[in-house]
Amino acid sequence: MSSTSYRQLTLNGLWKNNPALVQLLGLCPLLAVTASTVNALGLAAATLFVLVVSNTSVSLIRLVVSDTIRLPVFVMIIAAAVTVTELLMQAYSYELYQILGIFLPLITTNCIILGRADAFARKNALPAALYDGFIMGIGFGAVLVLLGAIRELLGTGALFADMQLLFGAGAEAWRWQVFSVDYPFLVAILPPGAFLVTGCLIALKNQIDTSLEQRAKAKADAPVAGSKRVRVTGTVS
Amino acid sequence: MMATLIDQPLLAALTALLGLGALFGALLGFAAIRFRVEGNPISEQINALLPQTQCGQCGYPGCRPYSEAIAEGDAINKCPPGGEETIQALADLLDVEPQPLDAEHGVEKEPVVALIREDECIGCTKCIQACPVDAILGAAKVMHTVIADECTGCDLCIEPCPVDCIDLVPRKSGIGFWHWPLPADRAPRFDVIATDAATRDAA
Amino acid sequence: MRTVHDIHGGIHPPERKALSRPGELTDAPIPPQLVMPLRQHLGVPAQPTVEVGDTVLGDQQIAAAQGVMSVPVHAPTSGTVVAIESRPIAHASGLEDQCIVIETDGHHRCLDAVGTDDWRALDAITLVERIREAGIAGMGGAGFPTAVKLSPGPERPIETLLINGTECEPYITADDTLMQCHADELIEGAQILAHVVSADAILIGIEDNKPGAIAAVEAAIARADADIELATFPTKYPSGGEKQIIEILTGQQVPSGGIPADIGLVCVNPGTAVAAKRAIIDGKPLTHRIVTLTGEALKNPQNVSACLGTPITALMAHAGLNAIAPQRVIHGGPMMGFAVSNLQAPITKITNCLLAPTATELPVPEPAKPCIRCGHCAEACPASLLPQQLYWYARAKDQEQLAEHRLFDCIECGACAYVCPSQIPLVQYYRAAKGQIRDSEQEKRRSDNSRGRFEARQARLETEAAAREAKRAARKAAAQSKADAEGADPIQAAIERAKARKADQDKEPEQTS
Amino acid sequence: MNWLRSIGLSGTVLALFAAITSVAIGWTFLGTKDQIELEVRRAEARQLLEIFPVGTHDNEIVDDTFDVQAETPLLGLREVRQGYRVRQGDRVVGVILPATARDGYSGDIRALVGIRKDGSIAGVRVVSHRETPGLGDKVDLRKSNWILGFNHRSLENPAMDRWNVAKDGGVFDQFTGATVTPRAVILATRRALEYATLHSATLFEQEADSA
Amino acid sequence: MSLLKVTSPHASGQSRVSAVMRDVLVATVPGVLVLTGYFGPGTLINIILGGLVAIAAEYAVVAMRGRDPRVAVSDLSVLVTSTLLCIALPPYAPWWLIAIGVLTSVLLGKQVFGGLGYNPFNPAMVGYVVLLISFPVQMSAWAPPRGLAEVPGLGDTLRHVFAPTTIDAVTAATPLDLLRQNTGLLFDDLLRTSAELTSWGGIGWFEANLAFLVGGIWLLYRRVFTWHAPIAMLVALAVCALMGYDGGSSESGGSALFHLFSGATMFAAFFIITDPVSSAVSNRGRLIFGALIGALIYLIRTLGNYPDAVAFAVLILNFCAPFIDHYTQPKVYGTGKAGSKET
Amino acid sequence: MLGDIALLLVGAVLVNNFVLVQFLGLCPFMGVSNKLETAMGMSVATTFVLTLASVCSYLTYNYLLIPLDLAYLRTISFILVIAVVVQFTEMVVRKTSPLLHRVLGVFLPLITTNCAVLGVALLNINQAHNFIESLFYGLGAALGFSLVLVLFAAMRERLAVADIPEPFQGAAIGMITAGLASLAFMGFAGLI
């Protein structure tokens, strides 16, 4: 893999083909656990872990597995990775485990993971697959955390509350009361808020893309119309 | 048996998953043979929507190859003769977002037909070989002519003609082809036609 | 007394019919030049039968019908053909079309008429042919060739001939005037048409805002002592639509996509009936028609009988158009008519009205606002459509939904746009959408055809290639077996053969092709 | 025959993977089993320990349970729920009673009321409720400290008729704009106290071994 | 001479969007007057403040989209939205509550969807519900009616709006809230023991409902909307209340009359659910639309968490409206069946 | 009993609607709701699979995992069960009704990766449902999913012709509309 394609992978995972904002995959956890930053962070980490593990394993076994049973094997690997994550989280971060609830086991059905396994890891060698899993996980996680932060901020006026759930007792002090009002904008942390804030994030991304594109277009030459034509009937002698 | 399994968690897990896995695998193996999917009917449906100009502007030799490419996941915005309408129809069929026409493949133009200026034609038959829909009649060394109803306006016959005697003329013109245009959004609802000039000219 | 049924929807715009004084009819002057479009009707344009420089007489055929869906054109008066060329015509597009231009000589010399009073003795086929030869196309609006309408075929037996004297559009009084001034001809024409389609009953429907016409027709029926029923019904736009008047008078609905003949009716305009009478009894083709010249921008609104082909500008001058500001001249009525783009355009067989309103009378519409789904349009629609949905889908060019919402059942009456608080030009959306759908259907047929030809060609090329391949293989196999038989080394044999061939070629080069 | 080959092959490979994954999972499970059990107990105990912190007792409160029947009007329970005993040595020094307020703004409010042997409150916690977010949910300790206002109260402190929201003449604050929820919780707590007084014999006098 | 080219029809009726919107605004006048009479000038101040914010917001957004903002504002629809929202808000709501509500209505309820005519949900109700679930404290702080408390003057009102301090001073539970909170009393006893309740829906509330009914009937007369949705809603609500009313036990949901004349019933029936943009389009569709709203209002009022359920019921049915439309196409001329069935 | 079942159904369909309140099955909800017709097909398929999967996973859990003390294997075994159910359904449908298969066929694979199916299995455990309850919970969840999917699809057909500001076109307005629908569904809170 050349460095440019790693750049391509990075760009894809983080922005151009961001799993959450563009591919619209893994929406359930995206919306369900982003009422606070810490929840988002927890699930982001878990998803990242599963994504890396599954991509790695799938890439390793890609030559062994036939098409017929490809999907079930992948699903099994993913489910195993999820269960391991679940057990570890239960053991070492029990409260967060409880808060994330069924969305932890539901990582199994997060379409990103199966999607990456099938679309990328299956066809690529280990390093690229690993990197792809990692960057996709980061891309998904970044949106998750961003969403969590926005919703927490709007809905409570604070950021990084309850970090001790993830980082141990010392993290309790990380809570940052950004602004203090008697009555925060509660809808942000309720279910509708999840949809609304996500919708606005997508719109924001679209807006940025449009202006980037316009800037790029201003620089680049216009494509040559019809330059990709082929002749249907023979060549002209 | 049960008791041993409960005592041996690893063994129990192994047994349970092995059992499920074997069952599942067997089922799928069975299904794979029993219910193989044949062909890709979607490309037929796609081909039915393409304009069949057979011009190759999409980068494929003809509409059918392009339809197969779309079925395999190629972009749907590469066919200039179909233009916006075809893209919309494809988007509907495939349930994807329509995109604007990819200008690298050309721009949407008014439909045309080829017209051979018959007195200049030298009867070289080159255009006949070029025409993808056999819309040109003629034999060696006699004047050729285009069956206007069959011509798709692909313009493939233009280049081969050694004497440049083929023109592309608009296919739809005149009052018989006219229909009302969609009203423009947010535009004034009237036109002012200065008829004085026209009146004077006609008179 | 016939029970009158109500139709869904409809509107009551101000009628303004008195403006043009219905019932008074004068002849419009014959203009120095007549422009006769070859396409004055639905269907295929007629083909000129005269050449530039020819002298023509009144009633002489100057263009002949091209097939069934076509009607001929006749010269209204005597003169010389000075041009056959593209001229502006009265059409919504504002485009030009082929016309025969006649310079009139003012003598009005006509061909001798051969009519017959004994039309009951003639069979339907002869009568229909005479009607076609007289150039009659529906005078109620669409210009549908009447001969076609009169031949519904044996599978559609006709019970009733319906004369559509509704004239529901505001301002227009041409039919009203016709019924008042030519009531007897109307009755005779109706009887002829009923005879042609072998209808048992004749029904004349007139809206109750035309007491003059009602009285005149009633009197004419009494005079003729004919078994003709006259029905009147309340004024409401668009009761005059063919489907609407049928529902009003019979309670039956013409099936969607069908024609009135499907339920045993033929519906014609009074003008069409009078034209039929003149064609059969008087032996005169259709060369004149009654046109309402009206609107407050005219000094003398009135009804005139004008030669077909008279330029609109001549009629406007006749009625005293005094326009200062940009003026709108509407061909047809205020609901369905179109604004003329060139006053040089001539009137045709379907020109029932020329309306020149002032800006206060019919203000120019404001820019459209978005639809607020108020549903007024759905309430007004006589076809019970959901105009707002059609509007949304027309904008989105969603042909599937348009078909599902039955765009083609829209009669383009404009009632929806009339009531729309957002002032959306709804009808134009529907017309555009219909045009696009017809276009894409045509394109679809074309592309199916092209696909067939492309694939046939591919197949042909393939079979040719395969045949070549097969020949080669056969040749090879033959060579092989020969070599086998001879027991020689095949390669060696081949080389020798090639050598031999080369030698052959050297000897007789002209044999190769 | 093709069938059998396909079935056999697929089955074998899948089973193989099943084996691998199950070993991986099973192994993790064995490794984390004890820690998880510990955490589960800890979580259960946490709320109880908030009411009676470590140091006030020496038994495992979580394990020292007794059933409270549903038909106890003072506690308002709709189903059998568990109470807990808190012991110092072999003396019962307090109990944690389940209580349900049925007159919340929307649905039942379920709480735990910790009562010391002397009749004072060690702490109250709302376990579950469906009150309006931002309004009634302030009875939840995660949203506001209001619930801590019960600490050290008893049936004498304040007097019975002041056990109410300020609006009704009591000593406890209501929340701005919401009186119903606090009123329900206050009354439920008061009734729990009354229950404890009524049943103090059975609740507090029992020896450790007969629980 | 030059010719004007215009498409048909050339004649046009009298109805205009801005005139329709103006009629709606006018029709709210009796209701607003009654509310002002009973609860003080709070509602009036809400409306004025809300209107200013609404116009500013609409102007800004439309201008940002590169359209002519004056055209958009001049259709008055944004004023209708803000006015209806502000009528529904408690009097003396703090200024920021009004601002947030109106901005939510105009931006989230209307302009993200493209502005007038495109919004699938009733913008005013979107604003209301967002406020209700975000700021329940302020949203449940309704003022006590004249007769039970001193009605504040203009100065006091302005202080409440612009320098909100404590809310308790001027709040009282609404009649529906009282019914909602009631756990023990028979319905009749509840009426008797609560000073603010009369058998007709509550002091001030009954009168306000009557006034909105009058305004609504005037709109009906002006043919701004058809009778289908409002009547269906009122009938459905009354029928549900009759079925649920067991003679007035503490569990019963209140009498039909109480439901018809308390809360926002009449306001909803004639001003909210008649919003043409977000309701069903055909008359049959509107019957279903209205009836379901009526039933839902009763269901949520008696069983749900929210004392007055109008906003939720409306939004829920807004969500269903396109689906209802799909199945209630009128029978097209000349087809035996509804338009969608036969293709 | 009947009343409990009714409450369970109302709860799953309206109050705790899978999509709008519990956030399950969002990917197909956003992905397969552009056309009403497709949404209907998806609804039928999901309803069938969800109900069946709910029951099957109940059986697996209670008669295989619990006796063997393997509760921690639930995720992996459920996902296998679901895959089998989906595959099995496809086989049966293909065999018995080719027509139905043409309608459902394309949706079936999508359902495997639909959280709602695994979610309903897990929630059945969390909420300690018995067999009948599992059956009806699965059914209720599926009906709730289908209801909002179909309503949303009808609404999106309307949005497709709206004049939506550029950045909001496509997924963004879908999200916002779903948000407003979710807002509306908050009105059902407390109904049970």
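Chains here go by letter, A, B, C, D, E and F, matching the order in which they are written, and residues are numbered from 1 within each.
Just so it is clear, a residue touches a chain if its C-beta (ideal position, glycine included) is under 8 Å from a C-beta of that chain, and two chains touch if they have at least 3 such contacts.
From a predicted model like this one, the values you see are computed outputs, not experimental measurements.
Asks: Give me the chains shared as neighbours by chain A and chain D.
Replies: Chains that touch both chain A and chain D, as defined above, are B, E, F.
Asks: Taking each chain's centre as the mean of its CA atoms, which one is most distant from chain B?
Replies: When every chain centre is compared against chain B, the largest gap points to D.
Asks: Which chain, with its centre taken as the mean C-alpha position, is closest to the global C-alpha centre?
Replies: Taking the mean of C-alpha atoms per chain, the most central one is F.
Asks: Count the C-beta pairs in contact for A-E and for B-D, then report the pair with the higher count.
Replies: Contact tally favours B-D.
Asks: Report the inter-centroid distance (CA atoms only) between chain C and chain E in whole Å.
Replies: 50
Asks: Compute the distance, rounded to whole Å, between the mean C-alpha positions of chain C and chain D.
Replies: The mean C-alpha positions of chain C and chain D differ by 83 Å.
Asks: Could you state the distance in Å from the CA-based centre of chain A to that of chain F?
Replies: Result: the chain centres lie 22 Å from each other.
Asks: Would you please write down the residue numbers of chain D that are in contact with two or more other chains?
Replies: Correct list: 6, 9-10, 13-14, 17-18, 21-22, 25, 29, 106, 130, 133-134.
Asks: Quick one: which residues in chain B touch 2 or more of the other chains?
Replies: Where chain B meets two or more other chains at a single residue, that happens at 9, 12-13, 16-17, 20-21, 23-25, 28-29, 32, 34, 54, 62, 92, 132, 180, 183, 186, 189-190, 192-193, 195, 199.
Asks: Which residues of chain A are in contact with two or more other chains?
Replies: In chain A, residues 68-69, 72, 76, 79-80, 83, 87, 183, 186-187, 190, 192, 196 touch at least two other chains, as defined above.
Asks: What are the touching chain pairs in this one?
Replies: Contact pairs between chains: A-B, A-D, A-E, A-F, B-C, B-D, B-E, B-F, C-E, C-F, D-E, D-F, E-F.
Asks: Mind pulling up the chain D residues that touch chain E in the complex?
Replies: Listed in rising order, the residues are 102-103, 105-106, 130, 132-135, 175-178, 180.
Asks: Inside the complex, what are the residues of chain F that reach chain C?
Replies: Touch list, chain F to chain C: 157-158, 160-161, 163.
Asks: Taking the touch rule as given, give the residues of chain E at its contact with chain F in the complex, in rising order.
Replies: Residues 65, 108-109, 111-115, 118, 120-121, 126, 129-130, 133, 296, 299-300, 303-306, 309, 311-313, 315-316, 318-323, 325-326 of chain E touch chain F in their complex.
Asks: With touch defined as at the start, can you tell me which chain E residues reach chain B in the complex?
Replies: 1-7, 67-68
Asks: Which bits of chain A are touching chain D when the two form their complex?
Replies: For this pair, the touching residues of chain A are 64-66, 68-69, 72-73, 76-77, 79-80, 83-84, 87-88, 90-92, 94-95, 98, 183, 186, 190.
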